[in-house]
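The structures considered in this document are given below.
Next come two complexes, and both contain subunit A; in the first it sits with subunit B, in the second with subunit C.
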Partner chain A sequence: MNIEVSALTSIYHHRTPFEHIALDELTTTFEQGKYYAVIGRTGSGKSTLIQHLNGLILPTRGNVRVGDLVLKKKTKQKVIHQVKKHVGMVFQFPEHQLFDETILKDVMFGPLNMGLSQEEAKERAEKYLSLLGVPLDQIGRSPFDLSGGQMRKIAIAGILAMEPEVLIVDEPTAGLDPKSHIETMKLFKEIQQEFNITIILVTHDMNDVFEYTDEVKLLGSGKLIKEGRTLDILTDEKLLTDHYLEIPDIVRLAHDVSKKGVALNRMPRNTDEFITLYKKWRDERA
Partner chain B sequence: MIEINNLTYQYQVDAAKVLDNVSLSFKSGDWVSIIGHNGSGKSTLVKIMMGILEDYEGEILINGNKLTKENIANYREKFAIVFQNPDNQFVGATVEDDVAFGLENQGVAREEMVEKTEAALTAVNMLSYRRHAPARLSGGQKQRVAIAGALAMAPDVLILDEATSMLDPEGRKDILNILEDIHRERQTTLIYITHDLSEIEKSDYAVIMKDGEVLNRGSIEHIFSDTDTLIKSRLVLPYQMQISRALLKGEYVTHGELVEKL
Partner chain C sequence: MLSNMLLGRYIPGNSFIHQMDPRAKIISVLFFMVIVFFANHWLGYLLLILFMLSVIKIAQINIFFLFNGLKLLFFILIFTFLLHIFFTRGGTTLFEWGFIQIDSEGVITGIYITIRLVMLLIITTILTLTTSPIELTDAIENLGAPLKKIKVPMHELAMMISISLRFIPTLMDETEKIIKAQSARGSTFMTGKLKSRVNALIPIFIPLFISAFKRAEEMAVAMEVRGYKGEEGRTSYRELKWGLKDTSAIVIIILFGVMLFLVRM
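Let's turn to the complex of A and B:
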């Protein structure tokens, strides 16, 4: 299922003195199964854009097409509810959304709410909990006895159990310590590959964007500035600097060493790849 | 000068020690980073220094005087702290009201209050936002206002408890630059708590904590020259140190030095 955004304009406090155009005639497509990053400076419109993708905000003008469902200015609640089944949203600190007395009940909540029977919901919950590596003999326990990282997994299982085709992930690593940061990013990559779902990541961390995503939508002042392969956009130092974004560490390093003659086979996506490619270059030269 | 001698703390009698025989000293005017993973004890240490937690074993000396329940109130105003979440620390309706709040509580005269507030806002490059509502600022701007509120009280020690961890890279850089200015111009002792090794480069001195113990301390060069301890402490090496470890025997390098040596 693709998401097509057509001439989407979003205005906060429309027709008041505080009127602010957050998105300005934005048109783009998110294709099924790809891992996208939406990037841009704070205030560029990226949070507004993703809130339109699952109907949290409705367009002022233009529309968002999620499969066959259309979101526009006066779309009814019933349609929005349908959209939410297809497009899941993981907010910052997803573990704060846990509430039920057992892990199983917490994960069953979403599917039950979608109208599945107790049995179907239980089946779904167990399926996704075990896929995320939660031992099934543990799921009668309270989710609040777990570590932060484990709680995050339970919360994400709860969203996956609704089997969305698209998962929106908004700044998932803000406030996490570096180890949990890496674990969380790896988890989303695994989810994308394992379930072939679309992931739309919103983040300021260009190292993560470069390492994990396939494609990038770069926003600036509510407009789509550029879209395309992550490898092309995140290696364009001038484009990133012009939009107040960081250059990924590894890109800066690869560019800097290439100026002094280190010719790596290809652009490394992370430090481990850099080390491997560098050793290969060094050995071949020797 | 702050001296911490053999500090041990547990939240409950039978619970594990959150701090285990920690001894540290902070010279006046130093910028010290305390680094550790979540649960390493770094925030507990700060809470004890701020007088928020009592009933610890060991002692804290401030300029040679032992901190006690009786005298902590005298020292508390010499310490200021900025926390992680920029949204949880505002009381004023405008930026300048907020920065003036502490001074107002102390009964500082109106003119002096305005002067100190303006100076503090200037130090964090936020004077032009003085009449704005804090709620409408970006995360980085909010933290700058929080720092101004702390500075207005002219503290001897400014503690930043993961004050940049919720900010975007731009906001993070701003804060570190402002701290550099404060460190240079005001001789305020800075205690910078973080779990991010890439943020400690500007400090004079760093302390590595794990499970309530101090595993290493010293200059930034010294800290980075022992990558084994950093890894053992569940910290993530900055990219240039990961590469140095694999290709240059782990010597401490900046980005520029790494490029030169490869």
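Let's turn to the complex of A and C:
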């Protein structure tokens, strides 16, 4: 399922003294099965854009097309509910949305809202909880007894159990320890490849963007500044500094060593790749 | 919808009323609340309305802005009005249909009581619009000082009020976030049957309470870490100063009260 955004304009507090244009005539497409990153400095419109993609905010002008469904200024709640079945959203600090007595019930909440029967919902909840490595003998416990990282996993399972075709994740690693950070990012990548879903990641961490995503949409002041392959955009140092974004560590490292005469075959995406390429270069020289 | 609410909001300004000592403002509001009940016929109510309009003018508050912010409370007013229309008997009967009977007395009392309520709403809203929460709690603590003699923890009460006021916007933001998160999970509290709507509130309130309790605990720890131990040995950065304008404001309001008392019938 593709998402087509056309001439999307979003204005907060429209027609009041506090009027603020968050998105300005933005047009872009998200294709099925790809891993996207939406980047830009704070206030560039990233959060507003992603909330439009599943109908949490409706456009002031323009429209968002999710498969056959169209989201416009006056779209009915019924249509929005349909869109939510297809487009899942993991908010920042998703563990804050947990509420039910047991882990299992909490994960079943989404699927039940989608109209599944108790049995189906339970089946799905168990499937995704075990996928995230939650032991099934634990799921009768209260989610509030768990650690922050564990709670986040439960919350993510709650979204995955709705089996969305498009998954939007907003700063999924904020406040996590380094180990959980890597685990969470790896998990999303695995899910994307295994179920062939689209992932749209919003983050400030350019290292994650560079390592995991296929394509990048760069936003600035509510406009689409540039879109394209991650490899092209995140190696463009001038573009990144112009928009107050960090250059990925590995890109900087590769540039630095190339100045010292180490000519790698291609740009590595992570540390492991860097080491492999470096070894190859050394072997070739020897 | 929530962003329109004026209740408890403060808008900085530089008017006469903004500059008044918060204690004088609280005392004036209390006096006014009593005075409102002096009026018992049209002349009194007319004077009340004129007085109120001039206070709004002096406070430099846009009157449309004020009424817009109080919109949410209008249904309470309408409810009171209808209650009086249907249940007050007396005067001539204007309308009769089955068990419904409307008397002229009912309409008049309905209007009067509604005006009183509007006056009370507006005066308290003006108080909070023109006084920052900190000033307000300082004044409450100061005015309540005599109560300390009989072991009423005035300082703690004032601190509680100022903390609650400070967290209203935070909790509003939090509520909005949780509503979005749950509606992304397909929760439908905007549509459907009443029962399902009420059920849909549970996933919103529980996370909200949990985060509120967490915040309260963090706040308590942070206060203790910074050495807070209640009122004992605490000095204040802001000093309340009673000036000429405060005395004159109180005098004006008392004179107005006397005037209203004289026009009573």
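Everything that follows uses one rule, which is that the second predicted complex is superposed on the first by the 286 of 286 C-alpha atoms of A that agree within 3 Å, B and C clash if a C-alpha of one lies under 4 Å from a C-alpha of the other, contacts with A are read in each partner's own complex, and residues count from 1 in each chain.
Everything that follows uses one rule, which is that a residue touches a chain if its C-beta (ideal position, glycine included) is under 8 Å from a C-beta of that chain, and two chains touch if they have at least 3 such contacts.
The structure displayed is predicted, hence computed values, not measured ones.
Judged by the touch definition given at the top, the superposed model places A:Lys186 against neither subunit B nor subunit C.
Judged by the touch definition given at the top, the superposed model places A:Ile275 against subunit B, while subunit C stays out of reach. When both complexes are overlaid on chain A, the residue A:Asp249 reaches subunit B alone and has no touch with subunit C. In the superposed model, A:Arg229 lies in contact with neither subunit B nor subunit C. Using the contact criterion defined above for the overlaid structures, shared-chain residue A:Lys85 touches subunit C, although it does not reach subunit B.
Of the two partner chains, subunit B is the only one that A:Asp177 touches; subunit C does not reach it.
In the superposition on chain A, A:Val257 makes contact with subunit B only, while subunit C stays out of contact range. On the subunit A side of its complex with subunit C, the touching residues are 13, 51, 54, 56, 77-78, 81, 84-85, 88-89, 91, 94, 96-100, 109-110, 113-114, 144, 158-159, 162. Taken together, the subunit B residues at the contact with subunit A in this complex read 37-38, 84, 138-139, 162, 165-166, 168-171, 195-197, 234-236, 239-240, 242-243, 246-247, 255, 258-259, 262.
By the touch criterion stated above, subunit C contacts subunit A in their complex at residues 3, 177-178, 180-188, 190-191, 202-203, 206-207, 210-211.
Across the complex, subunit B is touched by residues 41-43, 148, 174-175, 177-182, 204-207, 244, 246, 249-250, 252-253, 256-257, 260, 262, 271, 274-275, 278-279 of subunit A.
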